[in-house]
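By letter and in written order, the chains are A, B, C and D; residue numbering begins at 1 in each of them.
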Amino acid sequence: MADELILLSIGLPWLGALLVWLLGDRKAKFQHGIAVLFAVASAVTACLLLPNVGTSTVVSFPMETTFGEFNFVADGLGVFLAVIATVVGSLAVIFSVDYMKGAAQLGRYYAMVLFFIGAMVGLVLTSNILLMFVFWEITALCSYALISFYNDDPKAVSGGMKALIITQFGGLGLMLGALVLFAYTGSFDINVFLANPSVLPSNILGVMAFGFLIAAAAKSAQFPFQTWLPDAMEAPSPISALIHAATMVNAGVYLLARFFPAFEGVPGWRISVMVVGMLSALMAAVMALVATDLKRVLAYSTVSQLGYMVYAVGAGGVFASQFHLMSHSIFKALLFLAAGAVIHSVGTRDMRQMGGLGKKLPFVRIVFVIGALALAGIPIFNGFWSKELILEVGMHGNPIWLYVIMLIVAGLTALYTFRCVWLVFYGEERSELHVHPVGIFSKIALAPLAIGAVTTWLLAGPFSNLLAESLPTHSIHELSLMEMIREVIGTPATYIALAVVTLGLMTWVVREQISGVVKNLRFLETAAVQSFGFEAINRGIVAGVQKIAEGLRGSQTGLLNWNVFGIVAGLILVLAALLIGA
Amino acid sequence: MNLSIPVIVMAAVIGLVGIGFYCLLVTRNMIRVVVALQIIVKGAMLALLLAGRMRGQLALGQSMALTVIVADTIVAVLGLALAVQVKRRLGSLDLNDLSSLKR
Amino acid sequence: MWHIIILIGILVCAFQAIRSERLLVAALWLAGTSALVAIMMYLLGAYQIAVIELSVGAGLVTVLFVFAINIAGEEPIPALSLIPKPLAWVSVIVAVGLLAWQILPLFDLPLGSLQGAGFEEMLWSGRKVDLYLQTALIFAGVLSMVALLSEEQTHKVSTHKEDNV
Amino acid sequence: MEAASALLWLLAFPFIAAPVVYIGGRLVVRESEKSEKPLLNPAGWLALLALLGAGAFLYIIGKDIFSVGQIIFATVGNIRLRFDGISLLMSILVLALGILVTIYSFAYMKGEEHEEKFYALLVLMIGSIIGLSCAIDLFNLWVWFEAMAITTILLVAFYRNQPGSLEAGVKYLVQSAAGSVLVVLGIVLVFFQTGSLDLESIRMAVTQPSLLLVIAGGLMVIGFGVKIALVPMHTWLPDAHSQAPSGISAMLSGVVIEAGLIALLRAFGALAVGSDRWGYILIGFAVLNMVVGNLMALRQREVKRMLAFSSLSHVGYMLLGFGVMIAFYNPYAGMGGFYHLITHGLMKGLAFLAAGALLYVLHVGKGDHHPLTVDDLNGASRKYPLTAFTLSVALLALGGLPPLAGFMSKWQIFASSVMTQNGWVIALVIFAALNSVLSLGYYAPLVNRLYRRETSPIVETGKPVSIWMSIPMVVLTLLIVVLGVAPNLIYWLTGPSAISIFMFFGN
């Protein structure tokens, strides 16, 4: 049963992608229909996997030699992420019916979205690390294609390139890890490795651990690779929701969580992971505070929240990180889709031109505010519970200075969230914007996400049970809902956090009064707007490579004499090398 | 080292190859390029014969040299044909005018 | 002794062939090189191939050159080379010098006794494959030469390509 | 049919068929000059028949006589020909690609002058490559190699009235001739040292390394290296590949440079005794090729030239595989090298065919010989969805993106290299992978351009793509996807090939 379900949940979206592509762009209505159909079907199959969770391999295709066996396993972590990917994915597809109405090249759009969903499911369900890398790369490819979807816009094209190159670069870490694992054990199987990580010499294990950290950081847009995610916001909004909030960026966190038991003993690894998470969370929160583009704010907040998850993994809280991953997927997808609805209706992404939209878009305001409250970590909403769990993990047995910084970031989160909500929905109108009503499909997609943002924390019990039972090497403590509530309410940390959040909120309310302080922080704002110099580094590298390439082109002189000189030079080179070596 | 016959012949081989390559490096005339190729090939043929003789398999050396002669005469013919065609289309045999494909 | 004289002759002729200003003269020097190489072959005992070299290398190829030079014309091309001459000198001398330095001492052996004939036998039965391939090469060469040199016919592209399949 | 005679038929058939192709085509051209209505030139169909005929002989060998890993000998006079894994691999690759290119050329070369010569030479070239893959007599190997070079000269300079095409032909001719003389010198040294030309006898006769053999190997590296396009000797390649008719570009890039590599590996087999130096030499060139190929392609504006430079970097990957096999005695690396050889043939073949189809409909078909620039591709998918799609698949596969074949073959090379557990090799693998990422810097934007909405003006006026061009592209696309998803489908070819080379190495 589980084997068919696994193959179906990967294959259905891919089949759908093929059909949509073949259908051609003249039958837009059918394209919408097929895309929704296959996305929902894959979500259903993924959900059907939930009762079939197990720890052993269920599908296997032997490939021999240097490819190992292409195995698939339906364990808790994988199935959970598959469900997130397909469910959020299908909601994004449903949302697209309105958002992309009348857009050109729908076939390419839907094909890539569905291809992406299938790849994401494959990524989390396989236990062959080579295959994992394959799916990892496919998600990067789809992400590239979708970011550059409006490919007549140079900004979209360069944003896509940036995402592709950076995630591919990070992918090298994963590749290297997979290769050394194979070189030293002759197998690509993750579970075999996790059961006994000591088969690798400790230095090789270290190479693997830090390679994976690089890969995860690049994929999850963590320090120092965070720069691609904000630029990825050139994509259509459903894509931002699907890829850059709910699914692809989770792959990095998933990778770290998946391999945590093997790497936790590597000296310096956990602290590195925590520092990477902390830096990303902090920097992105500051940048979100000064950004004026609605989607960029959300993008920075994604980086920041992913920083929380990475931090949590480093701190040893695999469950907390995955729980926050779930909350975040829901509320961030909600925020992105709602932002998409706003942008779609007013035709701009600049928050300085918005304001007072609440009256014109009441439904969107409600769901956006729900998402924002969850993001800010206000009690009852799912973001509150998961963030509290993370902070609690961070407090116990981990460096306290990191904890303090994460606490401050929680305050900053509240601050930028309210700034954003205020600028968009409240206050007076700052420009004459013509507002389109929001379509029915958008509402169908937004409503369940809004409900989810309020309720998914109730799933803590079964969720922890799922992870605890099917991940034998992770030693996850099973936590029932009541336990969690008791734990969260019972610790002083929660109240400290809440106080900080309130402080952040208050800062926005009294922003007029403290403008003097704000002025003194101007230098920080300038630095943040320039993304702390990372953009400059990126640009420098690109320009350098281009310059070298252009310079090298002079070597192709086109003159036969120089060509022959190449032969003579090669002869001298080889003879010299041979005579020295002989 | 004595100046035994094999050394002398081999010196001729290496000398021919060297002169030919030098010509390929400095000449600008398309036809002279073919001359240079011919010079290099003469060296190769001598070497084949020398090796054949010294291994007591001169017949083998000779038949290989024949094949080399045939192959490189064809190359020379094609080179000259190309040169003539270049002259027709470009009006020049200068290699400098034959460098539009670059970078 | 003869060998050294011929060696010097070969090198001088070859050098003249690449140095002389007129192409026709260069072709003649090349013929001279070829003839001297043929003599050297003869001295090595390769009588048959020496004759072939004399007729093909010194004869046929020279004729071809003369034809080609007649069609293409002598053309004054600046003697200035496109790459710095010292660089050319140095690189060739280094490459050839490396080879000579390493190889020449290893050839310091007796020439060995001259085996009898057997060239025809070797060529016609021993190296049959090479021989067949030679005919293929000649066929290919002739086809290519004809195609390259044929006069341009009325441009058919415009008429033929209208009816795309 | 007996094994040896089947092999001889396989080798002889293209050479017998080529004159028939030429004469058949020629006669019809004569007739058609007399008659009013131009007749269809049958040369293409004859060439297809010839290749299918050769394919039939190959099938007989492969099916009835040859079991995988087995070796068949045929002796003609003193020359032995050996049909082993490599021969099977190269024959299949070159015949498959050759058949597809022939079909493709039905439309591409239609109405060109000297069409019949084109097909005859194409058949000859394919025959020479098959022969080259079977030759184990060192000098015979050179003759096949030379035959391959001579038959391709006209194919490169086929548009003999275009200055660019002539220029490419001149460079190709001169550089390959210079290289092949160096090979002859290398053969002379080997012959002088061992008194034998048969690779297996040489390998058995030589018990310890000698200076002459090392120098001979060096000369052969350079000589064959010109054809393989090792880096300082690569300069002819971008010109020839970009100027030749696109079908020929596909052949040049897909099999001809690989044939040079096969020849070099065969020659190394003879000189292999107790030495891993050839492996290190290959690895050194691998590094050069990857860097230079990718950087040169990065800023290229002409599509076919960009693809040509990317061939350099792909040769680099193959060299890495073979180099690691030789230097570290790891047959898996050789399998990876051969796998990449196959996939590169398919991918680059497809890329050139698809780019060529666009070149044809946008430029050549209208009688203008401007190169296809990257700007011409803008929005091509709107008018040519199939061609654009196949070109995208080829480019992404070349860039090493899964689930396409290029990824899997690179992976095998990388994985088997890391298996050596040598720090330097691992660093090299990272370097190669970085190059792969860099290569996306020029492949991905091309794909992007294809799917733009704003079409370039030249696409608007383009002609339709012929069905004859589409068929080969679709076939190759399918192959690339299948080999990318199921790498185990190719072991029967790559495994025996790697063993055929590998058995020469070690002591």
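Going forward, contacts are C-beta pairs under 8 Å (C-beta built on N, C-alpha and C of every residue); 3 or more make two chains touch, one makes a residue touch a chain.
All of these numbers come straight from a predicted model, not from anything done at the bench.
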| item | value |
| --- | --- |
| Chain pair, C-D or B-C, that carries the greater number of C-beta contacts | B-C |
| Chain centre separation (chain B, chain D; CA means) in Å | 26 |
| Centroid distance [mean C-alpha coordinates] between chain C and chain B, Å | 4 |
| Interchain centroid distance [CA atoms averaged], chain A/chain D, Å | 41 |
| Touching two or more other chains - residue numbers and ranges from chain D | 78, 139, 143, 146, 150, 153-154, 157, 160-161, 167, 170, 174, 178, 189, 192, 211, 215, 238-239 |
| In chain C, residues with contacts to at least two other chains | 81-83, 88, 91-92, 95, 99, 102-103, 107, 122, 126-127, 130, 133-134, 137, 140-141, 144, 148 |
| Contacts with 2+ other chains: residues of chain A | 553, 556-562, 564-565, 567-569, 571, 575, 579 |
| Category of the chain touch graph - line, ring, star, complete, other | complete |
| Of all residues in chain B, those that touch chain A in their complex | 21, 24-28, 33, 95-96, 98-103 |
| Interfacial residue positions of chain C with respect to chain A in the complex | 81-83, 87-88, 91-92, 94-95, 98-99, 102 |
| Interfacial residue positions of chain A with respect to chain C in the complex | 559, 561-562, 565, 568-569, 571-572, 575-576, 579 |
| In the complex, chain C residues that touch chain D | 99, 102-103, 106-107, 122, 125-130, 132-134, 136-137, 139-141, 143-144, 146-148, 150, 152-153, 155-161, 164-165 |
| Complex contact set, residues of chain D against chain C | 12, 15, 18-19, 22, 38, 76-79, 81, 106-107, 110-114, 117, 120-121, 124, 127-128, 131, 137, 139-140, 143-144, 146-147, 150-151, 153-154, 157-158, 160-161, 189, 192, 211-212, 215, 365-367, 463-464, 466-468 |
